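Please find the structures below.
Paired with chain B in one complex and with chain C in the other, chain A is shared by the two complexes that follow.
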Partner chain A sequence: MRLELGKIRIKDVQFGSETRVGQGVLYVDRAAVEGIVGEDERIASVSVELARPGEEVRITPVKDVIEPRVKVAGPGGVFPGMVSKVDTVGEGRTHVLAGAAVVTTGKIVGFQEGIIDMTGPGAEYTPFSRLNNVVLVCEPVAGLPQHEHEAAIRMAGLKVAAYLGEAGRDVEPDEVDAYECLPLLAQAAAYPDLPKVVYVYMLQSQGLMHDTYVYGVDAKRSLPTLIYPTEVMDGAIVSGNCVSACDKNTTYHHQNSPVIHDLLARHGRDFNFIGVVITNENVTLADKERSSNYTAKLVEMMGADGAIVSEEGFGNPDADLIMNCTKLEKKGIRTVLVTDEYAGQDGASQSLADANPLADAVVTAGNANEVITLPPMKKVIGHPEAANVIAGGWDGSLAADGSIAAEIQVITGCTNELGFSHLSAREI
Partner chain B sequence: MSPERYIIITNNPEVAACWTQISEWVDGNARAVLIRARGLVHLGHRLLTHPLAGSVKPNESPYRSVIVSQHPDTTIDFDSLRIIEGALATVDKLGPPRFRTIPPNVDADFQLIDYTLMQSAVESLHV
Partner chain C sequence: MVKEIERAGIPVVHMCTVVPISLTVGANRIVPTVAIPHPLGNPALAPQEEKQLRRRLVQRALVALQTEVEGQVVFEK
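So, the complex of A and B:
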């Protein structure tokens, strides 16, 4: 399975009379976007806003971030099972409007979270401050149940990303990266002397506001299964997860998972990256046992020597993470875990809700309880009053001048457990 | 394997109203729900759901529900004990409830999220 990602560098976004890409600028036909969102009778109104890097703009509460793309060769279309038919993706050629994103916002529940500041100290904590964002502020029809509201906004974001992506169909990309993944036995045989590594990709799947979709299927309805890395890169997984802003995987993260990119970059040199196992994070302990048993068995069946395991979310998924880790380790498959920490505002407390001595190689994306003060912005897109009731905020978080004192967990993507961040600690 | 019989320990009115016959009401905060669940684990009940279900933080939502097996075993399930102790340590680490006053619409949403997590669990337990 060979996938080419043709990256069209987007340096600016502007409204225009037609949607197109020219000289690195994405021009957006505002009325056309409003029309696409308005097709859904569950949405009463939508306003389309633009937010560029460096502007004094705050977006909140952020639901999802999505990269606009278009499939130009090969089977399937963007977001299969959601926007396109459920053809298998991951091969052929896909054009990417790199540097642009669709951001959805809407107050689905009263305590919804997620801040993107386009400048200032908060901007350092979110990679999305560096993108040219097309923001959809959607208002539901009166009385719309929350799960319908979530679905409507999720679909609005995906449809608009697909629409904007079409503007890149006939544009010559600035660069083209090619990725090739082989069937399992061929992949394993390709580098017989290198250790075989599998990526275990944990997907949040606990219920309303906590869901992830694979080819349109709610991940909790599936046993752990295999997927080619290029399928993930090509939009097979989308987010329906609205909680835990700092460490949820948005659709943009799934499209651009640095774990998959880095594994592919070192594949054939340092190790043999033989495939991805996707698994879920459920509410009952029996489901957690079943999924972790099945995950460990699949990784063993693949003949792996080692596994990278990434978590999504906090608290009870720590139990899934540790179950996956210990069951793999007990089969002789060494693990490296990728997570974040809730170590208290002073950083002194136990980081995870579960632990085991076998979890002896762990990568952290940072402490979500660190406190930050976000200065006021000239413009707020969305619902600023949400800051008082979001995770990591508290009564009085939102000051009269518009500044927000809160834990960094309020910031979308700040401790992302795929390591998608510009912040890091390095040895010097 | 016959379906597991269970009790829902809850301080969430929406959960209690939905599963009147099989819920046990806790008149207290989210931590009190976990303390009651730990007491039942000490008596031999097993945890059937993770006590930190959902990614809504325990010091954020005032509501919490935990499902345990209806009948106690003769021995303590140490996995359940480890998990409930870990959950309580997490609640204590994150500190007291953040919000002195919760607007009514937000309160209803907190109840709803906890309820939907239980709905997801109950569907799974009845398979």
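So, the complex of A and C:
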């Protein structure tokens, strides 16, 4: 499977009379976007806002971030099973409006996080402050059940990303990167002298606001399975998932997973990256046992020597992470885990809810309990009052002047467990 | 919570869904429950069946509370 990603660099976003890309600027036909969102009768009203890097703007609560893309060659379309027909994607050519994003916001449940500050200290903690964002503020019709509300906003974001992506169809990309993945046996034979590495990609799947979709299938309803890395890059996995926002994978993360990109970058040189196993994080112990058994078995069947395992979320998913780790290690497959930490505001508590001596190689994306004060912004898009009732906030988090004192877990993508963030450590 | 109450000399039964976490944190009497969002209930059951389920779990916990243990025990039935 060979996929070309053609990146069209977007340096600015502006409203315009038609949606198009010109000289690195994404022009957005506001009325057209409102019309697309308004097609869904579950949404009563929508306003479209723009948020650019450096502007004194706060977006909250963020539901999803999505990169606009368009499939220009090869089978299928963007977000198969959600927006496009459920064809297999991951080959051909896809154009990417790199530097632009669709951000959805809407208050669905009582406790709902997700802050993107476009400037100030908070902006340093989220990669999405560096994008030219088209923000959809969606209000549901009265009495809409929460599950329907979530689905409506999720689909609105994906549809608008697909619509904006179309503007890049006939634009010559600034750069084109090609990725090629072979069928398993051919891939394994390609570099016989290198250790074979599998990526175990854990997908949050615990219900409302904690779900992930693979080709339109709710991940909680699937056994672990195989997927080509290029399918993931090409929009096969989308997010329905935003609480606590710091370590949930938005759709943008799935489209741009640094774990997959870094594995491919060193593939054939340092190791042989033979494939991806996607698995879930469900809410019963039997599900956790079954999925981790199945994951370990699949990785063994693939003949892997080692596995990278990334978690999504924290708390009980730590048990899924440790089960995946121990079951792989006991089969002789060495593991490296990628997670984040909830070590308390002083960093002194146990970092994960579960642990095991076999988990002896762990990469952390940071301590989500660290406290930050986000200064007031001139403009807030969304519902700032949510800051008082969000995980990582407390009563009084939102001050009268509009500043927010809270744990960094409120910031979208802050301690992302795919490593898609700017946090780093320094020895002192 | 479990460990602090036990430290005060009062036996504790930890009813929880994710037993491995309970084992890791050091509970001694563990009763597995239904699911993380609804540990002591099951919305898929009819009300009468769910009541029986809840009663079974509480009775199991009471038996566990009265059982002498050496180290960690998971009360599966």
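As a working rule, the second predicted complex is superposed on the first by the 425 of 428 C-alpha atoms of A that agree within 3 Å, B and C clash if a C-alpha of one lies under 4 Å from a C-alpha of the other, contacts with A are read in each partner's own complex, and residues count from 1 in each chain.
Following the convention adopted for this analysis, a residue touches a chain if its C-beta (ideal position, glycine included) is under 8 Å from a C-beta of that chain, and two chains touch if they have at least 3 such contacts.
Computed from a predicted structure; not experimentally measured.
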Q. Comparing chain C with chain B, which touches more residues belonging to chain A?
A. B
Q: Applying the touch criterion given at the start, work out whether A:M323 contacts chain B, chain C, both or neither, answering first, second, both or neither.
A: second
Q: For A:Y163, decide between first (touching chain B), second (touching chain C), both and neither.
A: neither
Q.
For A:L285, using the defined touch cut-off, is the partner it touches chain B, chain C, both, or neither? Pick first, second, both or neither.
A. both
(Q) By the touch definition at the top of the document, which applies to A:G313: first (chain B), second (chain C), both, or neither? (A) first
Q: Could you look at A:F128 and tell me whether it touches chain B, chain C, both or neither (first, second, both, neither)?
A: neither
Q. A:Q206 contacts which: chain B (first), chain C (second), both, neither?
A. both
Q.
Applying the document's definition of touch, where does A:Q146 land relative to chain B and chain C: first, second, both, or neither?
A. first
Q) Now for A:A353: first (chain B), second (chain C), both, or neither, which partner does it touch? A) both
Q. If you lay the two complexes on top of each other, which residues of chain A touch chain B in one and chain C in the other?
A. 206-207, 283-285, 288, 316, 318-319, 353-355
**Q.** Residues of chain A touching chain B in the complex
**A.** 109-111, 146-147, 204, 206-210, 220, 241, 243-244, 248, 282-288, 313-319, 342-344, 349-350, 353-355, 369, 389, 391-395
Q: Report the residues of chain B in contact with chain A in the complex, numbered from low to high.
A: 4, 47-58, 60-61, 67, 79, 82-83, 86-87, 89-90, 93-95, 98-103, 105-106, 108-110, 112-113, 116-121, 124-125
**Q.** chain C contact footprint on chain A (complex, rising order)
**A.** 206-207, 283-285, 288, 316, 318-319, 322-323, 353-356
Q: Within their complex, state which residues of chain C touch chain A.
A: 17-21, 24-25, 32, 34-37
